[in-house]
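Consider the two complexes below, in which chain A is the common component and chain B and chain C are the respective partners.
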Partner chain A sequence: MNNFTFLNFVLLQLYTNKTKHFSIFLISTILIMVLSSFLFITNSISKDMKTIVNNQADFILQTIIAGKVVDTPQDLVDEIISINGVTKVAQRVYGKHFYEPAEHYFTIVGIDLYDKQIVTNLKKFMDKIDIDKFLSKQNMLIGSGVKKFLDEYAYFDYYIFRPPDKSMEKVYIYDTLPNQTDIASSDMIIMDINLAKTILGIDEDHCSDILFNVPNIDERETIKNKIRARNFDIRIIAKEDLLRGYDGFLNYRSSIFMILYLIVIITFILIIYQRYSYINSVDKKEIGVLRSLGWSINRVIKLKIVENLIIFISSYILGVNLAYIFVFIFDAPLLSSVFLGFSNLSNNTSFIPAVDIASLVLIFLFFIVPIIASILIPVWKISITEPTEAMR
Partner chain B sequence: MTLFTIIHFNTKDITNHLNQLNNFAKITKLPSIVKSVSYFEPRFIEYDDYSYALYPELHEPSYMRFVYE
Partner chain C sequence: MITIIKMENLNKIFNENKANQFHALKDINLHIKKNEVILLKGVSGSGKSTLLSILASFMKPTNGLVEVNGEFVAKLPDKHISEFRLNNIGFIFQSFNLFEQLTVEQNIMTSLIPKEYTQDICDKKIDDVLKLINISHKKGQTVSNLSGGEKQRVAIARALVNEPDIILCDEPTAALDYDNSLIFIDIIKQLQDLGKTIVIATHDTIFNDADMNCRVIDIKNGMI
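For the complex of A and B:
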């Protein structure tokens, strides 16, 4: 029997027993789809996060007192800038605003609108922004999650903040931040740095932390030690630590999902093994007929392997494609909440296509190989029995 | 369907999305992802669990410091 005739026979077999194979095909497709969707979402978020972190300063300096992060004195900016090899020293002002009735948090970020670099980037980010108009009164830019939330509570034009000094700060909504950055900006409120300090209760001569760059990689450790030697109450965090932190954060979620997936896949393999172990009399007779017609054990096993490979490879291709459409075209409804959360403000992040080929190959191997093995063993057991006994 | 996926993957313009993220990161200089996204990180859950209700001043609403640890 040549290969073409053999393949034709396999396809005929599949067609004849289509109802028998359909349930396995359906379950495998769903399993592959869920796993691939998870991988696609993780890759997409990871790509976004790396883009954001790569644009950060080389080092962040925070002040620690009694193990707690406190506001950093601005004097440190002058001290750090005086060190040779340090560039782009800047203060950063940020914090949380807690909206008690709904128990939701907003992230308030203060930016220096007199810094030319920031203004240039802001104009690139939002074409329509007019800085003079923005600074003419107390204005703020809000993330889409904040906008949706404030609309629900009828704050259409402004919001009144209650700073720690018990005063009231009425801040007008200037515009909403673009949706593309929702992963980081959904719960964000951007305003002038001095206004942010008032609302967050940060002293004028303090900031949340200080950023600085050290362009020469060889100098980084020396400069870090120099700053540490001058100040005992500080913590310096490198950009690499941030990247490692986010990798760990995404890997934590991956591992939880992987454990769940392993449980499901093992159960599925056991079901398939059981199905082929308690193979019904029709299947047994079929193998017996083939053996009595002169088919060797190898050929019978080959028939079963090819038959199942066709089912699982097609379910794999269909599952991956469905996952792609589900995640990158429909933005993963329901599943996205697992990753983007639902405890705070809503997030409508659209996922950018990010496909990791290595992970797809890994799924293929981890899925197909154990399943084929679970089929092979019972089929081999039947094949080695005498044809007359198998047909009985 | 595979052909459609391949065409979509190769023609989807992600440059604008990444440029916007780049600009945003340069403006805020903040690497933190939104709170909802980071909520399930074990350190945050632990942080909430160990916050003592009788001494609310111990419960700082700033979760960001955990991002840097």
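For the complex of A and C:
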């Protein structure tokens, strides 16, 4: 079968009717770009979250009294490490600091810099720090969001904290945390564990919570139950629970976005269907003439399929590429806030490229297939009418 | 001489069993021989165009027999009707029905696409038919820039490019001036010499004076 002349005719038709097709191409490109951006962002965040959670310890132990999370006694560290199968037990100190000038909360995290860091993504960064130099005076590492707010009020080198005991702690800015960990670290301040305890008003022999690992997956439930049996006032959160929490959060936002998006897509499909249902006399006549020249119904439908596939596949390729640039190069301005607004500080996130082929296939199926169908039904209806009727 | 078109007891009723029912063709019996030129004459609304549309298989009769070039066209399924039309019928419309934004060559190509010829064969066929109709010099021109007479010739070329045996013309001179109408009549004579069977539906009196070897059939109120 010689398809060259047919394809040539399709391209010719597209070219001669370029004004008519351009608006559909433009709207379709924008819709595909928005949908792709949304999927790229969720993929990227999901991947980022999984990386963060996978780098966390297997369990977090918190003390609960009267239903509230309170500071955990440090001696629980010794108790937990004595259990066979438990490795890498570490205390964690964190809390919120209210930054009055901008009315925002910063998250203070205290770490033992000489201890092996249990959180591996933090470890990678902390390994680059000269610990002696860092501890030579009261220093801190700050997230990009914190830096932005401190800069606004001219705290370029240091910031003075007011701990609960009404004293003053002048802490110098040592460095800014890298952007790629921004989802978690935009509002974060990292400092020495003892300084953090002073600023947060945590007793020396207490910590916020305790992290520990159980390498043997089969042992995890047993060890968890063992610790619970010894301490009734504790809560143990598994890494998987955290992951589920993040997923649930992301799914909630995704669902709202998807519903809004579906409304737009359905409206677009209805407009296209309407357009072809009340196909103008020129289009109708064109089909009638082709039928009178000996074009079969199948060939006319094939013409319209190829014509529209060229439009929508080009808009799909363009839309997906624009989305990639928008999300991974320009960091999705406006759209990112839909997903990243959960921190009390805005995140200047650099999305890590994460392209899921299944998502791209999903866009294709959910967008192009219904649109082609919405075009073909009216075209088929016209094709089966008598050519004289169609040419009228 | 072989009978190429046979119509027996042919009826066409529009909007059958409705308040606005219209009996367009009534018991038509007509045999047309190969290489004949038929002038189907009648006033507007007499049923000429309906008869041509049925011959071209654009529409089906309500009842009766239609045999064109050995095929019972009223009973053919769509795929075969299209093939039949492609191979046997060349239709020239009153309003030309050309693609105004395309060139002369591209317009003629629309008839060749279903044949799935290679580009070389298409090019040759287009050149031949343009030479025959004497419009080769307009090959690359956009149809919208042509005069009425030139458009008519492009429409003829498009109808002829697949070398059909039967040419059907619906009011072919209605949109033409006197000189161009005479040119059209010359082309028809030329086509008759090539052995084509031609049916022209017209109410133009110019055909009365034309020196044509043709059979005139009058149609009135759907009857001949």
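One rule holds in what follows: the second predicted complex is superposed on the first by the 370 of 392 C-alpha atoms of A that agree within 3 Å, B and C clash if a C-alpha of one lies under 4 Å from a C-alpha of the other, contacts with A are read in each partner's own complex, and residues count from 1 in each chain.
As a working rule, a residue touches a chain if its C-beta (ideal position, glycine included) is under 8 Å from a C-beta of that chain, and two chains touch if they have at least 3 such contacts.
This is a predicted model, so every value here is computed, not measured.
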{"item": "Which of chain B and chain C A:E386 touches, first, second, both or neither", "value": "second"}
{"item": "Touched partner set for A:Y94, first chain B, second chain C, both or neither", "value": "first"}
{"item": "More chain A residues in contact [chain B versus chain C]", "value": "B"}
{"item": "Which of chain B and chain C A:R291 touches, first, second, both or neither", "value": "second"}
{"item": "Touching partner for A:N321 - first (chain B), second (chain C), both, neither", "value": "first"}
{"item": "Touching partner for A:D241 - first (chain B), second (chain C), both, neither", "value": "first"}
{"item": "Of chain A, residues touching chain C in the complex", "value": "1-6, 8-9, 12, 16-17, 285-286, 288-299, 384, 386-389, 391"}
{"item": "Contact footprint of chain B on chain A as seen in their complex", "value": "45, 48-49, 51-57, 60, 62, 68-69, 90, 92, 94-96, 98, 105, 107, 109, 111, 117-118, 121-122, 124-125, 143, 145, 177-178, 180-188, 190, 211, 235, 237, 241-242, 245-246, 249, 252-253, 317-318, 321-322, 324-325, 328-329, 339-347, 352-353, 355"}
{"item": "Contacting residues of chain C [partner chain A, same complex]", "value": "49, 53, 56, 58-59, 78-79, 82-83, 85-87, 89, 91, 93, 97, 99, 101-102, 106, 109-114, 116-119, 122, 158, 162"}
{"item": "Sites on chain B touched by chain A in the complex", "value": "1-2, 4-5, 8-9, 12, 14, 16-42, 60-65, 67-69"}
